[in-house]
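Pasting the structures here.
Below are two complexes that have chain A in common, paired first with chain B and then with chain C.
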Partner chain A sequence: MMASRHGTGFKWIVPFLYIVFLMLPIYWLLNMSFKTTNEILGTFSLFPQEFTLDNYKAIFTDPTWYNGYINSLIYVCVNTLISVTVALPAAYAFSRYRFLGDKHLFFWLLTNRMAPAAVFALPFFQLYSALNLFDTHIAVALAHCLFNIPLAVWILEGFMSGVPKELDETAYIDGYPFWKFFLKIFLPTIAAGIGVAAFFCFMFSWVELLLAKTLTSVDAKPIAAVMTRTASSSGYELGLLAAAGTLTMIPGAIVIFFVRNYIAKGFALGRV
Partner chain B sequence: MTLALKNVSLRVDGLMHIYDTSIELVPNGFNILLGTTLAGKTTLMRLMAGLVVPTHGEVWFNGVDVTGVAVQKRNVSMVYQQFINYPNMSVFDNIASPLRLARYNKDEIKQRVSEVARLLRLDPFLKRKPSELSGGQQQRCAMARALVKDSDLVLLDEPLANLDYKLREELREELPRLFATRERTVVYATTEPSEALLLGGYTAAMDEGRITQFGPTGEIYRRPADRVTASVFSDPPINTVAVRKHGARFTVIGSDAGWRVCDAFTRVADGEYEFAVRPHHVRPANGVADGAIVEGKVLVAEISGSESTVHFDMHGQSWVSLTHGIHCFNVGQTARFLIDIDHSMLFSMAGELVAAQGG
Partner chain C sequence: MKTRNQKAWFLVAPVVLLVAFNAVIPLMTVVNYSVQETFGDNLFFFEGMKWFEEVLSSERFHDSLIRQLKFTFIILAIQVPLGVAIALAMPRKGFWASVCLVLMAMPLLIPWNVVGAMWNIFALPDIGLLGKTLNAMGIDYNFTRQPFAAWATLIAMDVWHWTSLVVLLSYAGLSSIPDAYYQAARIDGASAWAVFRYIQLPKLKHVLTIAVLLRFMDSFNIYTEPFVLTGGGPGNTTTLLSLDLVKIALGQFDLGPAAAMSLVYFLIILLFSWIFYTVMTRGEDK
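Then we have the complex of A and B:
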């Protein structure tokens, strides 16, 4: 009894320190976004001395800035939609049927993720230019499928294998045709898995810079590419950059909110 | 309704799962598939339902060959050992789903579902999701779905195996009554001989992908056609020992132990046989002077409530004695056991039944 009471006094310290270190860079980014560039370069302060929203105002009024966000959101959403839609039947096949080389193919899917995206930048650039897809949203969305579809297949396969195949059989016995069963019973059953897969596709597409930058110039320029612009013309606009960075974190935070309960299972690729 | 398997066999990846099997289920009866795990009960059921197509042979349903017909087009229902319900639907929608697919009108669906729900005492839970039910209720929901549609064939694959003891007893009593509401053929798979005896009807004993015998349950229990069937229909496994019949006496081969031949076996020709007796017909011979008494070293002794289980060494064979009351033995001691020779069976050395008495 004494020991435990004694222990509670300091138990909070480790998690507290951990959270402080974790949150510090994020706080600093937020802090900077409300400062002027002069203040950032001039003084060291924990709070903005001259609180300003000018940085955000600049982003929301300048089309080259906010179009960056719109472009990114478009290709990320299109990519997430394509990846999950394509991965669903593939994952079902891997989890329910046995076919020649299924295990090798399944592993090969994962190794696709291990190749650095940079390797594919040049061939993609050539290919999409030849097809007149250069600088379009769909080009980036398709390019990101390269690593997102295998990932989605892996995550969904794990969730699907957690559903007993007797559920499929019961539905067939009850008279469900395959597609009706798949859409009305199976998909709702693995809804959490679909959410997690969509989240990961969204995040990986959102943070990917190299392919997105290579395949676009003006019309589909992603926000990450726009952000590099501030380092050129009139010196460093650090305040603006910090505001842009803060805004970049928001979509991910929103998506993670919806799948927060299943995210750990997703990191284990559905295998728990 | 009739269901017949004609020379059906199933091979998966070069492995035989079901060997050449022919069986004609008793129409509108309770057909029990009895066998240990991996005996092929579930596989046989999946063949009957049409979930798997046999490698060879034909499945005939009401006099029509339905071998390649999709399961959706056959009028069957099935309940699994695992509690399988549609997790995204309420209990009502779960039970109603086969009717909706068969395009019944709304009022009739409502009326039928509530009828079945009352029968299975699910009516207070119709609005809940299956995950909010207890195990027994989940399984009752699965059974309700199987009952609600007018299927000719109902397959129950160890439906009570995952339930706790009390619920199992309760549902087991209800089962025959539930399925008697309409003329339908029921197939019930179980690993427990006692369950088969309780449910009655007809039993097909299964072992390693083969049906060893099919007939009225009591008949198979009393007169198993061969040794394999006898051991499938005995829990704990039936005791056997090789004996030589010489006139009116059996002698254990390789020893001088022996006992009198009972009346039913007197007409059997002299020679070597396999003598078999169920564990509950072997009891400790406390103070008994004569009769078929054997001696053996006690290997394991367990007392569970009101029953005593003693494993002992019977001239090289491990025998089990199962008796009411508490009998204490020390492992390693030599004890005397009395065989009830009026409840025994005699098999040829090849395993065929020669004679049986009692049961």
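Then we have the complex of A and C:
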């Protein structure tokens, strides 16, 4: 309807070109991941000449590689769970009540996204070492709360403000205790918002490397850190690097697939 | 109208505790470093404001700050209009809307060092698709040696990486406009520009505020991608603030100056964000 109103049948060309631009580097990475390092350095070709799965085989048979993926997935999921769980009641408080210092608190939460992580890495290392949490999944999951909780509160607050207050009042009159109302009635109402918040928490925790790398050495080392160290120790194994990079995209792709309807619908519902 | 209720603090308490634990203790550590001198062995000497004076008058800090401001300004000037344009041209609903959203969200979900590595091998003049193509077209391009090419590559990478965030947020804002608005505009015979200016843009104001704030803060803190792509080179031409900070803090282990510098720069981000936030939300009933 929109397209016909403007009378432009070529509107799709803009998103189309943009998506082509987005896919080009990804295609190149994928292309390299099926080549041997010799071929990458020796010949230039748009498709692998000697198609090989050796790079992927190397990753799936070497525990230092695949454990990296497992480690990353563990702390990302724990972090998403913690962030969304604690952000829900807080976002409710911000959207429904006025209390002492509420606006300042809200802005303070947001300021935590502004701190330059690069320099906070060292204090983080000292803090978590002092607590004997160094090189554990929970340390990374907790550290990532720094930027994920504010974001989750922010997103959820927008969604909750879109729910009319009459819903709360009706439940109250019907004699629902607060927690029962919150869990049974309110949360299902903002399910889309929870989906969007979880998506963003997953995303920012999955892509963050600096803190994750600082807080881990062996047992909880994330895949992204495994990549940097392998690359420097054994020269440049470009094919292996490309395969590992390609594999880091898969969890993200799966998450997007599951929330694809929430993104379209959820974003539309929330004030964002 | 919101109810006044101080018990709401109980609902916020877990968030405050968790964030404060991660924010206040490291921040205090940094403040502590910023007023001291260390020679290793955990020996610290109080230096007062010395590092702050040194940082504020140092040419190195000015240079990286100017580079940083230039970078942030350029990527905002590209990403925001481009993101809005793409969101406007996207299908509103149905299968193709989902396809667009899923594909566009891809770059956002790739670990940052992989983004850097991916662009590195994409742009390298000997093995990269981009570098090879440009050189084949007769354009002399080598981002590891030419400052301009390094900047262009860095900006292209950031546009590739983050424009989708602006698209997603703008798309959300546009989806919240009721169809009735468009119908009314059609009855009035409004032009496409008028529809954009008087219906779509006002609705986008709120999401664009968030998008600009997020992009501003995150671009000021960008570290991993340029580190992997150019390493700050050639020379120091792409050494943005965070890269410089890490060089000082971990490379030279000058904790004091690095801490002072990071505080100065935290305050700069805070100030800009606060002004922007205040101006954009002025007159809004919060």
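Throughout what follows, the second predicted complex is superposed on the first by the 243 of 272 C-alpha atoms of A that agree within 3 Å, B and C clash if a C-alpha of one lies under 4 Å from a C-alpha of the other, contacts with A are read in each partner's own complex, and residues count from 1 in each chain.
What we mean here is this: contacts are C-beta pairs under 8 Å (C-beta built on N, C-alpha and C of every residue); 3 or more make two chains touch, one makes a residue touch a chain.
On a predicted model such as this, the values are computed, not experimentally measured, just so you know.
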Fit-or-clash call for chain B and chain C when the two complexes are aligned on chain A: fit
Contacts of A:Ile26 with chain B and chain C, given as first, second, both or neither: second
Chain A: partner with more touched residues, chain B or chain C: C
Touched partner set for A:Leu122, first chain B, second chain C, both or neither: second
First, second, both or neither for A:Leu105, with chain B first and chain C second: second
Which of chain B and chain C A:Val153 touches, first, second, both or neither: second
Touched partner set for A:Pro177, first chain B, second chain C, both or neither: first
Minimum C-alpha separation between chain B and chain C after superposing on chain A, in Å: 8
Shared contact residues on chain A - chain B and chain C: none
Of all residues in chain C, those that touch chain A in their complex: 2-9, 11-12, 14-16, 18-19, 21-23, 25-27, 29-30, 82, 85-86, 89-93, 96-98, 100-114, 117-119, 121-122, 127-130, 132, 160, 163-164, 167-169, 171-173, 175-176, 179, 182, 186, 192, 206-207, 210, 213-214, 217-218, 220-221, 223-224, 241-243, 245-246, 249-250, 255, 258-259, 261-262, 265-266, 269-270, 273-274, 277, 286
Parts of chain A lying in touch with chain C, wherever the complex brings them together: 1-3, 5-6, 11-15, 18-19, 21-26, 28-29, 32, 40-41, 44, 46, 82, 86-87, 89-90, 92-94, 96-100, 102-103, 105, 107, 109-120, 122-124, 126-127, 142-143, 145-146, 149-150, 153-154, 203, 206-210, 223-224, 227-228, 231, 238, 241-242, 245, 248-249, 251-253, 255-257, 260-261, 263-264, 267-272
Chain B to chain A touching residues, read off their complex: 46, 49, 51, 70-72, 76-78, 80, 82, 84, 86-89, 97-98, 101-102, 142, 145, 149
Interfacial residue positions of chain A with respect to chain B in the complex: 164, 166-167, 169-177, 185, 188-189, 191
